[in-house]
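Would you mind keeping the following structure in view while I ask a few things?
Chain lettering (A, B, C and D) follows the sequence in which the chains are written, and residue indices restart at 1 in each chain.
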Amino acid sequence: MADPTGFMPPLSPGGRASILPPPPWHYSGDLLTIEFRVDPSRVDELLPEPLELAEEDPGAVALIFADWQSCSDTFEELLDPVRSQYKEAFVVVRCRYRGETYSRCVYIWVDKDFALVRGWHQGYPKKLGSIWMTRPVRFGRAGPRLEPGGALGASVAVMDRRIVDARFTITGPSDTNGFVNALPMIHHRLFPSIEHPTRRALDELVTMKSYGWEGSEVWRGDAELTFHESPVEEVTRLAPAEMIAAYYRSVGVSWGEGTVLNRSDPG
Amino acid sequence: MADPTGFMPPLSPGGRASILPPPPWHYSGDLLTIEFRVDPSRVDELLPEPLELAEEDPGAVALIFADWQSCSDTFEELLDPVRSQYKEAFVVVRCRYRGETYSRCVYIWVDKDFALVRGWHQGYPKKLGSIWMTRPVRFGRAGPRLEPGGALGASVAVMDRRIVDARFTITGPSDTNGFVNALPMIHHRLFPSIEHPTRRALDELVTMKSYGWEGSEVWRGDAELTFHESPVEEVTRLAPAEMIAAYYRSVGVSWGEGTVLNRSDPG
Amino acid sequence: MADPTGFMPPLSPGGRASILPPPPWHYSGDLLTIEFRVDPSRVDELLPEPLELAEEDPGAVALIFADWQSCSDTFEELLDPVRSQYKEAFVVVRCRYRGETYSRCVYIWVDKDFALVRGWHQGYPKKLGSIWMTRPVRFGRAGPRLEPGGALGASVAVMDRRIVDARFTITGPSDTNGFVNALPMIHHRLFPSIEHPTRRALDELVTMKSYGWEGSEVWRGDAELTFHESPVEEVTRLAPAEMIAAYYRSVGVSWGEGTVLNRSDPG
Amino acid sequence: MADPTGFMPPLSPGGRASILPPPPWHYSGDLLTIEFRVDPSRVDELLPEPLELAEEDPGAVALIFADWQSCSDTFEELLDPVRSQYKEAFVVVRCRYRGETYSRCVYIWVDKDFALVRGWHQGYPKKLGSIWMTRPVRFGRAGPRLEPGGALGASVAVMDRRIVDARFTITGPSDTNGFVNALPMIHHRLFPSIEHPTRRALDELVTMKSYGWEGSEVWRGDAELTFHESPVEEVTRLAPAEMIAAYYRSVGVSWGEGTVLNRSDPG
């Protein structure tokens, strides 16, 4: 009899039970990117060896809120939107590896399981959270317009505690969407050994780029950002010392696969 | 000492604890309206006396999905979007009262408590549900475009059971958004007696109109609609006998107050 | 044609769509009751006229966490537990009315819509929240035993913000479950006018008693209690000035109807 | 600077941000085990090579509902129960490997992220779902007693669709809790390659046993079980051909580590 199949567990006769369909995955959504600086030591303490601080502006950090629709190459999730829509918030820093500078996600929260596991596949260290972001509107009084003065709020809660509050007010158009989350990503794909919990059964350093990118005009603005304490988070260590700028735009992008830069033998 | 205050319970010293801030309320959002016909007796059985079937096309029904942002006149909810965003789905029929034809909401599900109670204030018979609707996008492959061929899905679940599945495919522009949900609303505001559960402490027939309405272009299309059985719903009795048409648009609107047409004495 | 029926909206041909089945309602669950004192003015500011402070120990307050199963007289919800189980947390004070002393719920959060609306019927000012309470266990290491030293935690979050944190450590058996929530309840059933939002269409002062009460032994202990700020709560005004005691027990009870003490004419 | 730490991602300076604390993990909870038979080919199609059908009663399947409290060796989660309590439902079959018979979980749904990822560590193919199970009570009318005639309901929903409905009625005490989930577990820990999605970066066959087990008396009874269709599940292929028996009990158990039986080289 044929083996059960599926991109990820659970494997099943038809492969439909997998928590996640196989790549490629397509994404369309809205992004709020808030860039700020912390003391570089606060970035450094998040970088495992052999990753090193970026040479230029090493304390730069981006917090990104995203309101996504995503789907597999069957596109069937788009007609069952509970399987397509999700929100996420993530913290990105830059780092150096073998002479190249990369972007790296250090914290990320999402509100659906398929997105959580997709992140684990890509090396994004995803946890579940409750993420909200104001949507610009074209009509009525219950939302900002994409124009100077338009103001958005955004928040993250984990385990019933608010851990991030952010506000963004548009000042004008921009020809950049920031620089912290703009490089190829470098991530670790880590999975502990079942025999020795301090060792790893999977320990890969990977890089990846998306493809098929397209995006809207960008709006630049001023942001306020507050991290709150939680017993299961350490993001307050990244409390902004200085704000850089913030940006809002809509994008579309696809993702297929990554490249392994280094694989450590199972410990 | 001053009495505690608030538009609704809980009353509190500063009035901030109320489940809902006072009107007016402002709404901006996207609407998918699916119109269809059932045997008129299936509408009639939902109309309490003295409401009567509409004279023309009495079996016409609309199912509307809405993805909303809303706020009070302080607009503060817009910067804390967990208090502003909600989704809902509702079923509207038409009926006659004293020679006038009205729209009337017979079933409605929302996903936030403030929206539930706001509905009870207005006479919308709201329950909690999980509502999802595909969002059109401007970029990328993970969403339809607002153009012929663009396809959206929408669903409602209540108590962990899927009760509505809908699909909409755009055929072209439209100069109407339908006729079933287009009239002044007529609703009952009902609250049972605490002494005699079969009697009512509040029994008002009310009508209301929103104000400050503005809306986008309308897209017309074809829809499929399936209701599923649940022990706590009867919406399958409205299974479409014939589809009429479906429409998608964005709107903005405000709501302040209604008018009592008839008040029955507490039973 | 017969009118649509139901204890509450939505009315439907068979009455099954009602957000809540008719009373009587039966409850079985576990209660953690934490009693403490605040300055009596903090209780007084929560009492609308003509309610007055209790004569004895007027600043006494109880915070109660409850993990419930409930059902209607058909008992069918017990076999579909998503319709039966819910958790709640509520704040009770005492007050005087016409020479009698009553218990009164001033704040309450629940996690299901049927429980929310049931509260509104009874005059409990319910909002949705996320409520958690440790369960004592009989086996294994992942829970306290009901014996001295057993420790429970409990929390409430509203709109993605933690607003209550509580801890309880058992010191020994008790022959009382406290005194604040032990009297007949006196509640307001309030519903605003749809024409004049500052007036009320329903304004009843009601009292009620449950029946068929039975309960377990009571465990007494020490509690810690912290309220946290939220833009939509004012419970921090009840921050404990002094702890009294705390109690844990299991109970069963039924509720049928209440008595109207005073009804104000619609404003 | 020291590397960030944590049992699992996200790694952080203090290790507190990990989605899951390190083992050992302790569990206390209630289990409803429903055993039934399907055509053995329906089990076989879920077994990847080299796993084979059990020799005796190869079509036996168990569906288990569990209402858990769990914690790490710090026990701190027990005082913050949102981090401790979760519910799950899982399907277990038996199989043979190298002459030994094992239990194997083929489908499992949980309602918290820490439990999902803990399952992935152990080889349980967890997805998020909404799981409910009636709780026996000692007082009141809103729950069954643990005695003959006591009846429980249980359900699973995934992506807003009910996929499992179960009922259990106690007939009497039992000296067994069933045989399908009673053997050492054999699981695959699978993680896809980021470079070639049809290959695996981690592919381990593991076995494990819990320790520190203790349990209550067992109640035996009759069960009904219905699986419902979903586009993202295939559990209806396991629709019971014949019911065996069902059991209810409370247990406590701990888990520390497993053993790798076979590791395939990264593909």
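Here is the rule we use: a residue touches a chain if its C-beta (ideal position, glycine included) is under 8 Å from a C-beta of that chain, and two chains touch if they have at least 3 such contacts.
Keep in mind it's a predicted model, so treat the numbers as computed, not measured.
Engineer: Tell me which chains count as touching both chain A and chain B.
Structural biologist: C, D
Engineer: So what angle, to the nearest 5 degrees, turns chain A so that its CA atoms land on those of chain D?
Structural biologist: Here the rotation carrying chain A onto chain D measures out at 180 degrees.
Engineer: Looking only at C-beta pairs that count as contacts, which pair of chains has more of them, C-D or B-C?
Structural biologist: More C-beta contacts join the chains of B-C.
Engineer: Same or different: do the copies chain A and chain C touch each other through matching residue numbers, with over half of them shared?
Structural biologist: Looking at both copies, the contact residues mostly coincide.
Engineer: Could you work out how far the Cα centre of chain B sits from that of chain C, in whole Å?
Structural biologist: Chain centres of chain B and chain C, defined by C-alpha means, are spaced 30 Å apart.
Engineer: How many angstrom lie between the CA centroids of chain A and chain C, rounded to a whole number?
Structural biologist: About 40 Å separates the centre of chain A from that of chain C.
Engineer: Centre to centre, by mean C-alpha position, how many angstrom separate chain C and chain D?
Structural biologist: 35
Engineer: At which residue positions does chain A touch at least two other chains?
Structural biologist: 80, 82, 130, 132, 155, 157, 160
Engineer: Which bits of chain A are touching chain C when the two form their complex?
Structural biologist: Touch residues, chain A against chain C: 130, 132, 155, 157, 160-162.
Engineer: Which bits of chain C are touching chain D when the two form their complex?
Structural biologist: 26-29, 68-71, 75, 78-82, 84-85, 130, 132-135, 137-144, 151-155, 157, 167, 212, 214-216, 250-254
Engineer: Quick check on the complex: what are the chain C residues that touch chain B?
Structural biologist: 1-4, 7-14, 16-17, 19, 22-23, 41, 44-49, 76, 80, 82-83, 106-108, 112-113, 116, 120-123, 125-128, 159-160, 188-192, 194-198, 201-202, 204, 206, 208, 231-235, 237, 257-260, 263, 266
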